[in-house]
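See the structures that follow.
Next, two complexes with chain A in common: one pairs it with chain B, the other with chain C.
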Partner chain A sequence: MGEAATKLTVVRNPAEEGFLKTYADIAGTLPGTEKIVKARRDAMAVFEELGLPHRRVEEWKYTDLRAAIKEANPVAKPASVDAGALKSALGALADVDAIRVVLLDGHFAADLSNVDDAGKGMRIMPLAEALGDKEFAAAHAEIANVLEHDTSVALNTGLMTDGAAIRISGPHETPIHIVHATTAQSASLVTTRNTVSVGAGANVTLIESFVSLGDAGVQVNTVTHVGIGDDAHVVHVKVQKENAESLHLATWAVELSARCHYDTLQVTTGAALTRNQIYLTFNGEDAKAHMNAAYLQRGKQHCDSTLVIDHIVPGCESRELYKGVLDDQARGVFQGKIMVKPEAQKTDGKQMAQALLLSDEAEFDSKPELEIFADDVVCGHGSTSGAIDDELLFYLRARGIPEKKARALLVQAFVGEAIAIIEEHEKLYEALMGIAEDWLSEAV
Partner chain B sequence: MLEIKNLHVKIEEDDTEILRGVDLTVPKGEIHAIMGPNGSGKSTLSYVIAGKDDYEVTEGDILWNGESILELSPDERAAAGVFLAFQYPIEIPGVATMTFLRTAVNAVRVARGEGELSVADFMRFVKEKSAELNISMEMLKRPLNVGFSGGEKKRNEVLQMAMLEPSLCVLDETDSGLDIDAIRIVSDGVNRLKSPEKAMLVITHYQRLLDYIVPDKVHVLSKGKIVKTGGKELALELEESGYAEFVNEAA
Partner chain C sequence: MAAVQETIDHVKTIDVDQYKYGFTTDLESVKAPRGLNEDIVRFISDKKNEPEWMLEWRLDAFERWQTMDEPDWARVSYPKIDFQSLYYYAAPKNSEGPKSLDEVDPEILRMYEKLGIPLKEQELLAGVRKHDEPSQLDAEPSDEDGYAQMAGKVAIDAVVDSVSVVTTFKKELAKAGVIFCSISEALQEHPELVKKYLGTVVPKSDNYYATLNSAVFSDGSFVYIPPGVRCPMELSTYFRINETETGQFERTLIIADKGSYVSYLEGCTAPMRDENQLHAAVVELVCLDDAEIKYSTVQNWYPGDSEGKGGVYNFVTKRADCRGKNSKVSWTQVETGSAITWKYPSCILRGDNSVGEFYSIAISNGHQQVDSGTKMIHLGKNTSSKIISKGIAAGKSDNTYRGLVSTHRKATNARNFTQCDSLLIGNKCGAHTVPYIEAKNSSAHFEHEATTSKISDDQMFYCQQRGLNEEEAIALIVNGFVREVMQQLPMEFMAETQKLIGISLEGSVG
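Let's turn to the complex of A and B:
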């Protein structure tokens, strides 16, 4: 009997089998030095053991990937598109002046990028190339291992094809825009990874956008590592408006040094299922992270924002303002975990998650978690959800504003509070408010 | 002409009648005042004219220019010329006052077939009207009514009234909470709007406002009914004797 028990094998679903097979098939063609090859192998071993996360895994209890992913899509074939098609997919974001790195179906597209315009103090390299560099690869293999308890990250490490490797020093007026575009006309898989290293005292705005040029469902898995030096200022914006068939798994892993400022904004309207994870660690004292998000979802869309904020040194400040607009049977999830280690005195951590429900069938789940092991801290969280306030609506309508327009104004005002974090970047701000406006005008 | 005929109103989810047969006619070019004790139904009457759907009209009608407005939505009424200056203006975080004004002005203009104002024309218009009411451009950049003082909110109501060019103006206790200087600014604003084309209904609890906005008629509303109508001297009488008499009469 004991014999039989040890021989029990894990039951994998077709998707898990599929991802393992994909890895077996393409491992030999994926970029990277020996160290990276090993990191990939280790990561896939973790994936093989844990499989896709499901609802009995606490961190994924509202977003059951094993149920959501029926099969592993084949890896996307590199494609080409003309600049005009990309520009129209980007909409107003295309008008935001930037150094652009375009990743098309998971591969750097030099012809659509303008990385050669990157000035002094900005080094941008395709990740596939960087992974072949001994020094870079060794450093990257280290950080790649940190999050491998998270199987979506493990899968990314195993299958990542390309991305942007960026190194910044000094101040930069012009933002860097990493465009993640997919073109697939049939179901496919795109796995990208970016690493951004911002030197001490540097100053930069980083935009990541995710758009679909095709109609087919794409399984997008993306990871961005950000390391920020002492006294640096970084604004990090993510915009995701992929087609409604896609599945989007995004992870940011962020390390902050002393006195730096990190402002983030994630705007999401696309994909059938989105998981936006941020793992953020305060490694240096007196740093500040202000993290906002605005997501607008309808139909059966599902958007999960999961944050793990780790205060391990004293005197840091973290703020989150997450705002979701949910129509039809859409579902919003917010999981915010703030950890304060014993040494992290004078931590100031506050989070607020709000949902505006435009339909009775929309659902919002909020799970804040505070794990505090220091005594001299100020930490708090709040969460609200509710419908549009009738009093506000009546006031606008009494001034002649038709109901649809009045509702739109109130929705824009709601998400606008989160988007305001980048208000000073006028063009970017307008582009992002425009995304909310577009979303509203698409309502049937 | 505004004609309110035998108007009975109750709250949607409740059976108590708040208005119990109001009859009232305000011809164009006239200003009528409605006075009455707290809770007599003054705000309810103003909301029902503006089309708030918490209330149900069980009997009677409201006609504006000879046509019933009861089936019109609040925004359709605004387009038809109805304007209510709220007793308690609503705060809307995230909507800049200027954006709100432009959206509202253009919405009623489009509904009236006049076409939107260009940005330049709108700016000229808003500058002129806000200067008259002592409203700064800085104030208009702030979110609608958020953090505004009582006086600022009421001036903002009158600004909206000036910009939306209504023909039926209902002012619900626009004087409450204002000091005498603010009352003067607001009243001057209202008086500037007076015209042979406009009917105005000024709701107030105190006679004071009517020193500045002189009514053609004064009506006393008590327990959901007009219990007395007279000339502007009726307001002074009320100031002397209070509302006790009417409260008893209606009971």
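Let's turn to the complex of A and C:
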């Protein structure tokens, strides 16, 4: 259906025209070797053909990007901020010890970063630089092609300005924190790309945060590619608390090798519209991926979580726990697809999407999908939605807890279940629970 | 894998090559010319001697159909259907309208006997008439006792190709005020009822196949249960495609007026043919205040041979409108046949406190492709729905559950529970689940669960540890797998279904 419907989109809207024009204007100034230049050109051809996805495109049924993006914002100009302003925007996250890579308005900011503290077995370079490296660019161009069917990724490939290129080997105690900060005072476009390669047996925690220092609406489009080697263990955390005018498109493309562990957590409170996509592929046997998310939205915010989990080899395990809290007219979307290919016997895949609706006008749309071609598997999904349980509320109030506080406690417990995946990282855990608390305290 | 051996064996017994209803019957028939155009629509309408408004309705649908595209979103693939190569009307000769059993072509009666539905015999066994008495269709039920005897009987509307050949027990039903006849007859005798309700649940241009059906539907059943009446017997329609290259387009309309109840069964078979036969039916249920409709289907159209050749394409639109307060509709379906199944029996829960249920067992084998599920649309307050779907995929088949549960903003306290489970046998088949859940109201409480599995070692261990041998343990577990749906079937269908599915149900029946 998607294909046929897309072909009907002959007339381009101003935003589609705008992105194409932006590309035509700045293509010459974007970093990259010839291979990357070609990858960008191919990607924009895909975008030109598909256009912005709308609700007749099945994968975007509940998030109509064509309606949401009225025009393409101009590309953000490199800016500078002082460390204090960034620290206060990050809040408690700033207190989590980390090797920090700061991307300001889509460009690496060396003065705010401390990549020089990276120890042995950790190589971090700005993506703009890496794209100029022949060997790296050759590998990266292929990565860009993997997701060519996805319009938001195509747009990212075409327009990416900078990001972090990271290579890890060995175990690392200190996390890597990629800070994506925007300073915009007027509408702008920020396109970043990160690529993380984790070697066999390595161990690392990766944090990506997205914050706004300005008040203007920014169109953020970010893609992170993660390749994980045999027996490695990666914790990948994403925190997004951009201003309520912004539009946020994030894609993670993850490839897992044998016996590795990949734990993720995505916490979202910001942006007018968020789309978090994860494409995860099991390439090696007996690997495990546990993926959690907590999103808290109010006003007219819209948060879409879309997952495509591809089990192509035997014996892997995937788990998802997605928790959404929706107030006012906020809308939560969950689309999770577990695919099990014929060879992927002994797959164990489970998915749970839950939403707590705090207002009568909030909406939750869920589409948990299973596509299974192997017989010896255990797969399942669940989806629930509803209001706060009156009995639980009564229990707390009977013990003298005021209603507002009782509600907050229940909401905290609800999202806490998902955030608990990083419990062992005490400071990070507290920072993230703090974000949920802040969100609750903002309630009228 | 030993654990599912019993299921495998049983599914094999219903394997495509062993389709037991694949015989053909030599019936002389009257056909419309091949192809589809306005004249064919007029021909069908004329054959049925329909009122002018009906012809207009059909022509309007046909006009709209020509502007529509075939839907391609379902997980089914098949060569493009050439709608011009089909016959849109075929009727066994000399049966231009339903009549008494004695006048029915003996070939047809023999055919139904072969199918296990001896129309005449059933009538005799039921004590409606003795051998030398005239058919019950002409006789008046003798007294109130005779009326009481009706319980446990099944009235059947037999449809061959495009027309209804006979409807049994009509007079007895009439005594209770129930109208049960073919829709062509209803158009003659009760045009006001047909006009009032036809197309109000499935609009004439609802979707591609429904629109085609609106234009060319040839027959089907019509049921009207008057207020406060509990239909004294099960009603049933038996569909049989006999002719070659014929499309079957039947339209069923059931109206349960205030406070009434009816249980309706539907069965279908077709001969084995090399070419694909098209079946595009529309079923509309209207349920008014406090009424209840229970609609059960055992679909066993010819599924094609082991190479995937032939078989029926089954594109069906079934929808119930729970229009009244406290109304209830329950769909139960056992899908074992058809090369392609494209079917989503739905409930529009419009009335406050209305209830919708969907119970389904879908078994696919060989090259069958099933894309089936339901839609529960909550519009009224305090509405509730329940979906239990069990898919068993074997051979090279694909079995997809596709469903929608949605609440309107004003549908406070809506409740839904969905469970869809799939069992895979072999690794050349696929089982898929595509549910859409849309909650637009905080008081709505939706729960959805889906699993895909084979029988787990834990379950086996648990059972065996309690003294069951392996066979018994499997039987118990597989039995448990489909039981929730089996329990919903009327007794009359349970036996047939057991044979069809062939899954042991020891100790769970009754």
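The rule is simple: the second predicted complex is superposed on the first by the 435 of 444 C-alpha atoms of A that agree within 3 Å, B and C clash if a C-alpha of one lies under 4 Å from a C-alpha of the other, contacts with A are read in each partner's own complex, and residues count from 1 in each chain.
As a convention for this text, a contact is a pair of C-beta atoms (placed from the backbone, for glycine too) under 8 Å apart; a residue touches a chain by one contact, two chains touch by 3 or more.
The model shown is predicted, which means the values in this text are computed figures rather than measured ones.
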> With both structures lined up on chain A, is it a clash or a fit for chain B and chain C?
Replying inline: fit
> Is it chain B or chain C that touches the larger share of residues in chain A?
Replying inline: C
> Which partner does A:His381 contact after superposing on A: first (chain B), second (chain C), both, neither?
Replying inline: second
> Is A:His177 contacted by the first partner chain B, the second partner chain C, both or neither?
Replying inline: neither
> Regarding the shared-chain residue A:Gln412, is it in contact with chain B (first), chain C (second), both, or neither?
Replying inline: first
> Now for A:His140: first (chain B), second (chain C), both, or neither, which partner does it touch?
Replying inline: neither
>> On the A-aligned overlay, A:Pro342 touches which partner chain: chain B = first, chain C = second, or both, or neither?
In response: second
> Is A:Glu58 in contact with chain B, with chain C, with both, or with neither (first, second, both, neither)?
Replying inline: second
>> Just to confirm the value: shortest Cα separation between chain B and chain C in the superposed three-chain model, in whole Å.
In response: 13
> Touching chain A in the complex: which residues of chain B?
Replying inline: 50-54, 73-75, 77-79, 83-84, 86, 89-90, 92-95, 99-100, 103-104, 107-108, 111, 143, 160, 164
> Quick one: in the complex, what on chain C touches chain A?
Replying inline: 1, 69, 71-73, 409, 422, 424-454, 456
> In their shared complex, at which residues does chain A touch chain C?
Replying inline: 1, 4, 58, 342, 345, 355, 357-387
>> Residue numbers of chain A touching chain B in their complex, please.
In response: 390-392, 394-403, 405-406, 409-410, 412-414, 416-417
